[in-house]
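Next come two complexes, and both contain chain A; in the first it sits with chain B, in the second with chain C.
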Partner chain A sequence: MVASLYSKESEKKDICIFLEHRGAGLAPVSLELLSKGRELASHAGWTLTGLLLGYQVAGAASEAFDYGADRVILIDNPKLELFTVDAYTHVAYQIIDVYRPGIFLLGATMDGRDLAGRLAVRLRTGLNADCTGLQLDVEEGRLVCEVSGFGGGILALIEMEKHRPQMATVRPGVFLPSKMSAVKSGQLIRPEIEIPDEIIRTRVVERVIGEGVDLTQAPVLVAGGRGVEGNFEMLNDLAQLLDGDYGATRPPVDDGFVERERQIGQTGVVCRPNLVIVCGISGAFHFVVGIQEAETIIAINSDRDAPIFEYADYCIVGDVHEIIPLLIKALREDRVAERPA
Partner chain B sequence: MPDIRIVVCMKVTPKPEEVGVDYSTNLLDRANARSEINPPDMNALELALSLKDIHGGRVDILSMGPPFFEPFLRVGLAMGAERIFLLSDPAFGGADTLATTYTLARGIDHIGGVDLVLCGEESSDGATGQVPPGLAEWLSWNQITLVDRIVLDKDKHLINGRREVPGGVEVLQTSLPAVVSVKTASNEPRFMNYRIKERVFSEDLVTIWGESDIEVEKTMIGLTGSPTMVSGLAQAPSRERRQEYLTGTVEQITQGLVALLNELV
Partner chain C sequence: MSETDHLIIDDAIWEELIELTGGAATICYQCGSCTANCPWGLVSEETISVRSMIREAQLGLPLNTANLWLCTTCAYCEAYCPRGVTISDVILGLRQLAWHDRETPPGSPSLLWSVYWNNNPWSQPPSHRSIWAKDLELHYYDPAKHDVLLYIGCTSAYDRRAQMIAKAIVHLLRAAKVPFGVLKDDEPCCGEAVLSLGHRQYFQEVAEHAAHTLDEKGVHRMMVISPHCYDAFKNQNHFLDKRIEVTHYTTFIADLIDTEKLDLAKPIDGTVTYHDPCYLARRNQETQAARKILDAIPGLKLEEMERIGEDTLCCGAGGGRMWMETDPGMRFSDLRVHEAKATGANLLATACPFCLTCLEDSVKGDRTSGLIVKDVAEIAALSCVE
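Up next is the complex of A and B:
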């Protein structure tokens, strides 16, 4: 078998997290990974490192300490301002070669996946993508990755014996972020790494970015499926009244009723809201994986036998086009009545 | 300018909803599942064929998998693909991403003269989307993932790939050769062309290559070349839900919901 860049014998007992930043701070998925990494590292007596690449992002390092990092390796370079898989792979490869973490974790975001797929091959190591759970076998120093596959909710446990680093990607929303209770500082390391111009082979020729939608952060979600027949305005109204946001299954996204960022499920986002109201959705496993960690699930479906009811706390057999407008009206009246005169 | 040569990577997957677990062996039971071309790969093929419609050139299909893939892939011939290259050998079996991308890359090398490789967004049985970047790395080619549109500049040997990113869209430019993955459902795959439908049955349009036909290192393919191993399978734990029904007239249900929401939110 082909050997990885370094072996288990020369690894450091360290978990390294690829940190992504969004505007001012770290992306939610990075905080989630740091929190999970902290838990695994403390349990095993390992260290936790954040790898932060970008331009003028030093401020985000302190946030990594707040979420448990023992140290942050920062490469601050104008050539890293926009993500390019070429430059990021180049830098990450060199850092990993020097610091040799036993485990390297990334968010399963667009950039995280691009980097992970390319880097794993360059390192000649294995990659477990889209993990839904991670455990660290302390004795063997082995990362056990839980991956869900196929309809029906089958979980596979996947591990690697000799190859290092043990790489895995995890979707946003799978782990809970948890800030350290006590103030924690850490070590900031700023290695010099050269990024030759000619290695960057893709160029952004156009970019129009508005305000992004991030369903993973919404406390209340109203999710609509094919049964909503494209009336997402109605769902948005309901969501607004509940201080939440709305999402969809894949068919309305494919049909162009809703933007893709609002797709919930296996190929969309995984959410953990306090409450989700599921409207006109049959309950395919591909969808259910995206909401099954919700605190409370309310389902409205006109088909008494729809599988979604098996996953719901409160079940309503009925027509969404009838119930939701009535509900919106009643909630509005309720709010008006509650308002002190 | 010479014509552009495109290879589309396609695989055949079991319909996800028909796969179960055999609890006596803890292995996936695909025996009762019907197969189909991995749906996202049809979008990759369609994009390739639409580029050929505009610019001419040639589109071939590359796949790694068991011989039963062949009849499924043949549909691509009647849509307009020139030829199928199927990397099929028991030695390729059990490959994880590292071994799969390695083997596919050697297949691309063996075909030779390829300018553009198109992949689907993900496999419906793996759903990871890690093959396209891995393949690009083995080939040392450029990559753009998750595009919904490609504009080709044949003279400059460049492509512009448009993709949706969080909060918007961007267009990335790169020079060929490159590996590009195509966003699922970004186009409508065409039907079989009735004029070339008989190509589905043509004997000589499918090339099957085994381990000894392409230059691969034995240690890097199949199960041997795969660092990851499955150590267990389990049913996903399902949370107990109350499954309480709100019943009555629509008005009563609505009032019940309002009360519930006031309590929960």
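Up next is the complex of A and C:
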């Protein structure tokens, strides 16, 4: 096996997080990774670094400190305004080569996956893709990545013995973001890195922001079937209260209640949310394959014998049109109570 | 002056296609029967021009993939081809080329990976393959003790609805006291899903592995539930020991009735109509066994639809369409339910897990149909007192 560019012996005891930003702030997955990174780093006595690439994104650095970063390495360059794998790889590679973190983590997002693969090859190191858990073996300084394989039937724990940095992409929504309780500041480092024009082989012609339906990224899903009778407004209300999104089986999509992008199942989207609330869905197999890898499944159906209950962690026998409004009401009251006076 | 596009003929594609399809396309003389007969013409104004696909293939023109993935490999066109072109082989050959160019429908690579990792096209854990039978106390196949291997297949193993077919067959075999075994978690995927998406190279690997496993287990006779698995083992798997007798379960059960080992005595009051699965009726000319079983049930009356036997209308799920979306209004199974309704039947029977899924979906979408969709095995089991 080819040796990585730097070895375990020359690594710094540092966890580096690739920070993704959306508009003004950091992406949720970056906050999740910072929070988990902080926990691991504090436990092991390591440092936590954020790597922030973009243009006019310095404001996002302070957010990284709020979530526990000891330092942020910021490359602010117009050529990094929009993600291109060429420019981002070029810059990230040089930073990693200089700062030599023992661990480098990215979110398993479109951009994160794109960058991680290319970067790992360039660094001659390994990459654990789409991890659902992280531990740090303090004595050995070894990152233990949890990867579920074979359709969730097997959980593999993967370690990298010699290669550095220990790279992993982590599935969004796995860790909880937690802000530091005390105000924390850190060190902002702004290295100069030149980005030659000729290395960027893609040119952004136009940037179109779609409706943004991407059920695969939603940590919470509310799914409706024929039994919902087209009342997806209700499901959307519930989804919004839970910071999630809503989807459907094929019949409501066929009937025009919901757009095709929201169809869950074998011929639609296969999702792995932390929580899915399945409403008025009998549980046909070609739908079930789209949600069965969810962490927790709650099913609501008026038919006690509906097959969906065999897959659910929590089963509610009843009418969705009665139960969901009650759930919405309870959640709203809860929110009001939580709000400081 | 307008200029016509030049035809660019690619000898490499031409030669590759001949190799991939065993020259199937070369004998076509472009009469167009295939285009006229293709069932897509029943659901859309524009039929798929199967003829032009064949012509383009003959000329080695660059691949036009627009309609390539619509084909359900139902072989209706083949039945009417005066030249005997195995048209679906040509289409699968063209799909193989599309794999080279990576112009395949979304999700199809995942299906192949699932067969690779999970030994099934449904992304289900291999260790869950025999959970459906956990209360049935089935025996692991032993050639010394068992007459026949019951091959479940991926869909009947994992799909809760299709599992009922497997359970019904177990019930019938026990009632007839047939010594049979199953391979539990060791059962290999037949690879038909892979083949239907045109990836013949990978299918060969899956087929070889399956043949090797069956050989190793000493199988001499097997009964298969899905007509797709049946066709894969009987006609497509060239690694399988020729001495292994492959039977579809309808044939096997019909034989049990013929030889008076199985008695379907409990009356079922009603009218049934039978939808012939393409992979059974057209590809394997097996049209009588299922009818024989239904006929043996006291009280049950069989009313035939318009398109029956080798003239059957596809449910829409063959050729990998089971894993692709078909727009509303374009689903053959909707037409089929309509035809079934017209017979006045209250039971719609079939003998294929894919047909069952599609027909049941269409029945659910048509609340006026009043039809119940069941597999022939399920109906027989209702009539069988153990």
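In this text, the second predicted complex is superposed on the first by the 218 of 341 C-alpha atoms of A that agree within 3 Å, B and C clash if a C-alpha of one lies under 4 Å from a C-alpha of the other, contacts with A are read in each partner's own complex, and residues count from 1 in each chain.
Simple rule for what comes next: a residue touches a chain if its C-beta (ideal position, glycine included) is under 8 Å from a C-beta of that chain, and two chains touch if they have at least 3 such contacts.
A quick note: this is a predicted structure, and the numbers were derived from the prediction, not measured.
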{"item": "Contacts of A:307 with chain B and chain C, given as first, second, both or neither", "value": "second"}
{"item": "Partner chain in contact with A:284 - chain B first, chain C second, else both or neither", "value": "both"}
{"item": "Partner chain in contact with A:129 - chain B first, chain C second, else both or neither", "value": "first"}
{"item": "Contacts of A:4 with chain B and chain C, given as first, second, both or neither", "value": "first"}
{"item": "First (chain B), second (chain C), both or neither touched by A:270", "value": "second"}
{"item": "Chain touching more of chain A, residue-wise (chain B, chain C)", "value": "B"}
{"item": "Chain B versus chain C as contact partner of A:203, first or second or both or neither", "value": "first"}
{"item": "Partner chain(s) touched by A:226 [first = chain B, second = chain C, both, neither]", "value": "second"}
{"item": "Interface residues of chain A shared between complexes with chain B and chain C", "value": "149-154, 254, 260, 266-267, 284-286, 310"}
{"item": "Touch list for chain C against partner chain A, complex", "value": "107, 114, 117-118, 122-128, 158-162, 323-325, 328, 357, 361, 364-365"}
{"item": "Partner chain A, residues of chain B touching it in the complex", "value": "16-21, 28, 96-98, 101-102, 121-122, 125-134, 136-138, 142-146, 160, 164-175, 184-185, 217, 219-220, 224-236, 238-239, 241-247, 250-251, 253-255, 257-258, 260-262, 264-265"}
{"item": "Partner chain C, residues of chain A touching it in the complex", "value": "149-154, 226, 250-251, 254, 260, 263, 266-268, 270, 283-286, 288-289, 307, 310"}
{"item": "Chain B-facing residues of chain A, complex", "value": "1-2, 4, 85-86, 89, 109-110, 113-118, 120-122, 124-130, 144, 148-163, 201-214, 220, 242-243, 253-254, 259-261, 266-267, 274-275, 284-286, 292-293, 296-298, 309-318, 322-323, 326-327, 330-331, 334"}
